[in-house]
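In the part that follows, the structures are each spelled out as structure tokens.
Okay, so subunit A shows up in both of these, paired with subunit B first and subunit C after.
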Partner chain A sequence: MTTTTSTRPDRAAARSGRVSPDPALRKRRPLSYRQRDQIAGYIFVAPQVLGILAFVLIPLGLIGYFSVHEWNVLAGSFTFVGAENFERLFTDPELVPVLQATGVFSVGLVVFNLVLALLLAVMLNRKARAMTFYRTLFFSPVVVSLVAWTIVWGFLLQDDGGINGILQLVGIEGPNWLREGPTAMASVIIVQVFKNVGLNMVLFLAALQGVPQEIQEAARVDGANARTLFTRITVPLISPTILLTFIITIVGSLQVFAQVAVLTQGGPGISTTVLVYYLYQQAFLFGRFGYGSVLAIVLFAIVLILTVVQWQLRKKWVFYEN
Partner chain B sequence: MRTDAIAPDVSVAGSQPEPDRHLPPRAGRQQKPKTLKQVIFYGVLSVLAIPFVFPTWWMITSSFKPINEIFSFPPTLWPANPTLEGYAEAFAVQPFGLQYFNSLYIAVIVTVGTMFVSSLAGYAFARIRFRGQNLLFMVVLVGLLIPSEVTIVPLFQIFNQLGMVNTHWPLILVSTFGAPSVLATFIMRQFFISLPGELEEAARLDGLGRFAIWWKIAMPLAKSALAAVAIFTFLHVWNLYLEPTVYLLSPDLFTLPQALTRYVDAYGGQMWNVQLAAATMTALPVLIVFVVAQKQFVEGLAQSGLKG
Partner chain C sequence: MRSAKPLTTIGVLAVSALLLSGCSGTAETPTATDVDLRMTVWTSNEDQLAMFDSIADEYMADHPEVASVTFDPLPFEDYTTTLTTQVAGGKAPDLAWILENAAPDFVASGALAPIQETLENTKGYEFDDLNEAATALWKADGELVAYPFSTSPFVMFANDDLLKAAGQPTAAELQAQGKWNWEGVSEVGAAVNAATGKAGFVIRDFDYTTWDNLASVWMGWGAAPWSEDGASCTFDSPEMADAFAFLHDAAFVKKSMPGPGTTADFFAGDAAFTVTQISRASLLPDAGFAFDLAPLPEGPEGSYSMVGQAGIGVMAQGENTQVAAEFLAFFSNPENSEKLAQYFPPARDSQLNVDTLAAANPVLTAEQIENVVVPGIATGVVRPGHTDSAEIGQKVRAALDAIWTPDADIPAVLSSVCKAVDPLLEK
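After this line comes the complex of A and B, so read on.
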């Protein structure tokens, strides 16, 4: 269907060119359906295309421009500073810790999230009325307001909060979770995993249900036990979903902001200052918009690299894709 | 995609290893291990569910507790002396009603706006042939690749030049027309591609134009896709935090997530009971809608993940 419609305008144009060479004659005729379609197409996509131009592509171009300027809001000055902001990037003693924190956060989040999501999906992948109920429970944090969720966990993770209260019941003296480097990072990761793991769980559940029964039956007849069945049959068959959730989760992990802002404000020290939070601090708290633009370029570069790696992985890893 | 209709016997790891095949039959004992297994299985599931459910439960119940009970040890699961003090304070400390209205009206405008923008663009990319179509589609897809955090600095400067900082315009415009709506356009396009062409042909012979076909033929058929778009757009806007924090300065203009973090007393200490009351008012309505329209929520959000 698509091929015929796409060739038709060319034919129509060619025909009209031959049949009515007189331009005045053509002008009087009402627009053909094809011509009106041309116009309709542009009108239909205009809001979205203009929106992307104005709010994505032009700002993206402006980052380069702003990165070689310094902008003082209070003084109202906007001056060219050349490569100064880029020099600052390479001499910034905080950059490496920030990138490390970003890496630790992303890796920790992705690993914990995917493992837990797959575990929950496998557990819920059976026929029982109760499974819908449990699915609802595990999914519910996804629809709870992010900041509300984070505030509650912030309370529970306080020194005298609920988590340590529970630990005390079993005789463990819990740490001050959000005020010590390693546990603060772990807390931010865990709070975020519990918030969103339900989404990946549902994706895995859908993928598991798409695994053909006959293949599993055949493997079982051949003597495969549950573990072999899982690692040799199920995992390869759901590998497109694993890759997809991996990409969604890792790109999402780079965008984390509210959790850090509410739970730790990047602290203690700068141990939980991830890249986006650092960018926000530099640009909007310290007014270094030029340097903020440079950090935005760094963030953009990371996302770009991940996208390219994703394409490569998709070619190599994924066992089957429909 | 119907995740609630679980396929029978799709047993993966963790399922019964078919005792009668691999093990010698043990007459009379078969019933008992199975029940025990069931108990253990549901026990493990329930324990795993605690960190998912308890925070929400604790938030809602504690919002009715006086401040000293919130800190009581061991923590109480139900308010011993229920009070609405936190709720009253929430409105007294900040213009919470106004902030609630801000969040609600922005979310509604952006959601409805995105439904229009994305269904128009999605329809055109799927069903209309026009010159430069593929190029324009590529341009739109760029929005999927670039996290909005990347462009926040130049966007802030643009809106500052336009005098739109400390207004709701940046939140509404960027969310409706910018990167966040691209996923919606993509989902609508995927849906419209699958529509049969005969309906349009018939409508065209009846003399309907493209706009009428889109509105009268395509849109009524796209209810499920539109529902998915509406759900994830609403949640996205409802949860926006970086953007309001960057663009909005006066408490009267704050949205809910931003307002929630500002409940501090004169000494900078957090007013927990007030904060929890405000958090409950923010989270509970969405949760209730979720419980009622679960299937649409799970499928809609899963779709946004799948297509992303």
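After this line comes the complex of A and C, so read on.
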């Protein structure tokens, strides 16, 4: 196949490099070291700035724009509807159950994840031969593909899957984990906890290893037992890390999607339909991009409020913050 | 502290330049020699894709204006969502396969460009040969907007080896005994499950989520999900309650059907019977057991048949609608339709015969095609569909979940299904 392209003479000259040099350029003063340093700095940060603009700020602006429009993708129509999509928030019968499911998931995940991570970190914060192995073992799910992890758990949690097979060996008739409301939500939480508990565990481990030995020894000399030592010395000293893991985990819990999509598709009923999955349904399955954008704004607002509140409350319960 | 103003200015300028270059870039109008066509499909079967490529190569040899034809496989599970997202992102394909349950949305919205005139004007196309019943779903204001390339009847496959191993009659024997009905199949299935631990009958791809596949059962009870005009829910009808009582009994009492959360693949030898589309016959050569093919069992209302359909449409938001329509006219002409019949039962009256279908389906006997496939296509009712199918599907799925527990109140659950979908049907 042959294609021909006609090109304007001036552009052809420019492309071939046969362009007369600009005298002004030759006379330009050389840049100072400081100026060159500044330009280099801007070049270095440009990818990050462009990334934030393209993938955070512009989409945020577009969500605001879409939220006041109704977009019929198939028909190719885009109509301004004002506050109609926001008013729908107050008449949507499924929104309250969805927010409840989101709350249950977040609370369950945060409590279970942080308690387990701290427990594991305390257990593994000692010098023994197999500690490195166990630390690697508990951290390894963090680096496993989320979808692959969830699919495997999906098989294990089936009615005739591995979990119930093990339970049967000890004479227990296990429930149909993913098909019954309470166990379905518990299953999604546990799968997510096991996936990411290693990350918080490592953070806690680092914090625990930073607790000065002399303070602990002084407390022991003063008669503190192990429990007092942990609650009065260790926990206050690692409270900045507890705050960090709390914020990371709660923000992450509000963004859970793949686990729900793979394990339960929001069911049974809508018992595991969390806000992000509901947003996906409205925007991408039902083609309601306007209402989906409103739900995204609601999610953004919830995450923002929770983060600001936690940040403010840190003054009351975070000690020794740098 | 340094001001971030210069940094912000550079960032804004850079992105503005990017956006402006994107907006003002000369959108190249395809000339007569550089049309790249793309068709989204849900198959990733290499043999099928090779056949499509060979048809496309043949077309391009005579049509230099087409530089390439790409068949773009998308995952079947979320095919329509992915396609819609591509359209939303301004990357609409030129041609797309459309599932029958999404057909009402695509046809009514104007998402598909009219193709009838192009097909009629294409030499040798034989437009009048297209089956009237097969094209009904794909017309907007009486004009064809998609070609029904696959009209695939739902049938029952039977694993004769497993039935014999369980000491049960084969599908042919059941038919000869006049017991080819759902109660008979369920009884035999329960016996197979009790004797071998394998599943009795499986409604393939239902998996307790894709509820519209159950239409292959409830039609035997004369039930339907909504009225013929689609305006009111009929899930709460006595016929539907009886059909679901049968299914519930099969799943939780007789154990003739795998319960929720239990999987059984007929083609891996895990079940005695399966209801699926005839196009799945391509999986049989690898199955490794003796099989039979039978029409859907009779229900209390007698015999019936159901078809699944798929259409190929030209996307109105595509860049090359006319060229795409001309390619579709070639892709679906009588010669290529006969080739495609190997995998996709054709919608042409002249090809709905034993000779054509037998030549295209070497796995099936002429008798099976004559007794099961041809009548199935000729009399089959299309699987239920409606506008807003995704939302209706989700509401029904969520409400029906309550029925799949051992002590479910079936009429109450079906009533809740209607309560959930009535507002959508009334639109």
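Everything below uses one rule, namely that the second predicted complex is superposed on the first by the 293 of 322 C-alpha atoms of A that agree within 3 Å, B and C clash if a C-alpha of one lies under 4 Å from a C-alpha of the other, contacts with A are read in each partner's own complex, and residues count from 1 in each chain.
Note that contacts are C-beta pairs under 8 Å (C-beta built on N, C-alpha and C of every residue); 3 or more make two chains touch, one makes a residue touch a chain.
All of these numbers come straight from a predicted model, not from anything done at the bench.
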item	value
Partner chain(s) touched by A:G269 [first = subunit B, second = subunit C, both, neither]	second
Touched partner set for A:A226, first subunit B, second subunit C, both or neither	first
Which superposed partner A:L208 touches (first subunit B, second subunit C, both, neither)	first
Subunit B versus subunit C as contact partner of A:T132, first or second or both or neither	first
Partner chain in contact with A:D160 - subunit B first, subunit C second, else both or neither	both
Touched partner set for A:K315, first subunit B, second subunit C, both or neither	neither
Contacts of A:R36 with subunit B and subunit C, given as first, second, both or neither	first
Per-residue contact with subunit A, leading partner among subunit C and subunit B	B
Shared contact residues on subunit A - subunit B and subunit C	1, 38, 42, 45, 49-50, 53-54, 58, 71, 73, 160, 284, 289
List of subunit A residues in touch with subunit B within their complex	1, 5-6, 9, 33, 36-38, 40-42, 44-45, 47-60, 62-63, 66, 71, 73, 120, 122-123, 125-128, 130-132, 134-149, 151-153, 155-156, 160, 162, 165-166, 168-169, 194, 198-200, 202-203, 205-206, 208-209, 211, 213, 216, 220, 225-227, 229-230, 234, 244-245, 248, 251, 254-255, 257-258, 261-262, 276, 279-280, 283-284, 289, 292-293, 296, 299-300, 303-304, 307
Contacting residues of subunit B [partner subunit A, same complex]	1, 3-4, 6-15, 17-18, 22, 41-42, 44-45, 48-49, 51-53, 55-56, 58-59, 70-71, 73-75, 116-118, 120-121, 123-125, 128-131, 133, 136, 139-140, 142-143, 145-158, 160, 173-174, 176-179, 181-182, 185, 197, 204, 209-211, 214, 235, 238-239, 241-242, 245-246, 256-258, 260-261, 272, 275-276, 279-280, 282-283, 286-287, 290-291, 294, 297-298, 301-302, 305-306, 308
Residues of subunit A that touch subunit C when the two form their complex	1, 3, 38, 42, 45-46, 49-50, 53-54, 58, 71-76, 158-161, 176-180, 265-270, 281, 284-287, 289
In the complex with subunit A, residue positions of subunit C that touch it	6-7, 10-12, 14-15, 18, 33-34, 64, 67, 81, 84-85, 87-88, 105-106, 109-111, 208-209, 259-263, 316-317, 388, 390-391, 394, 397-399, 401-402, 404-405
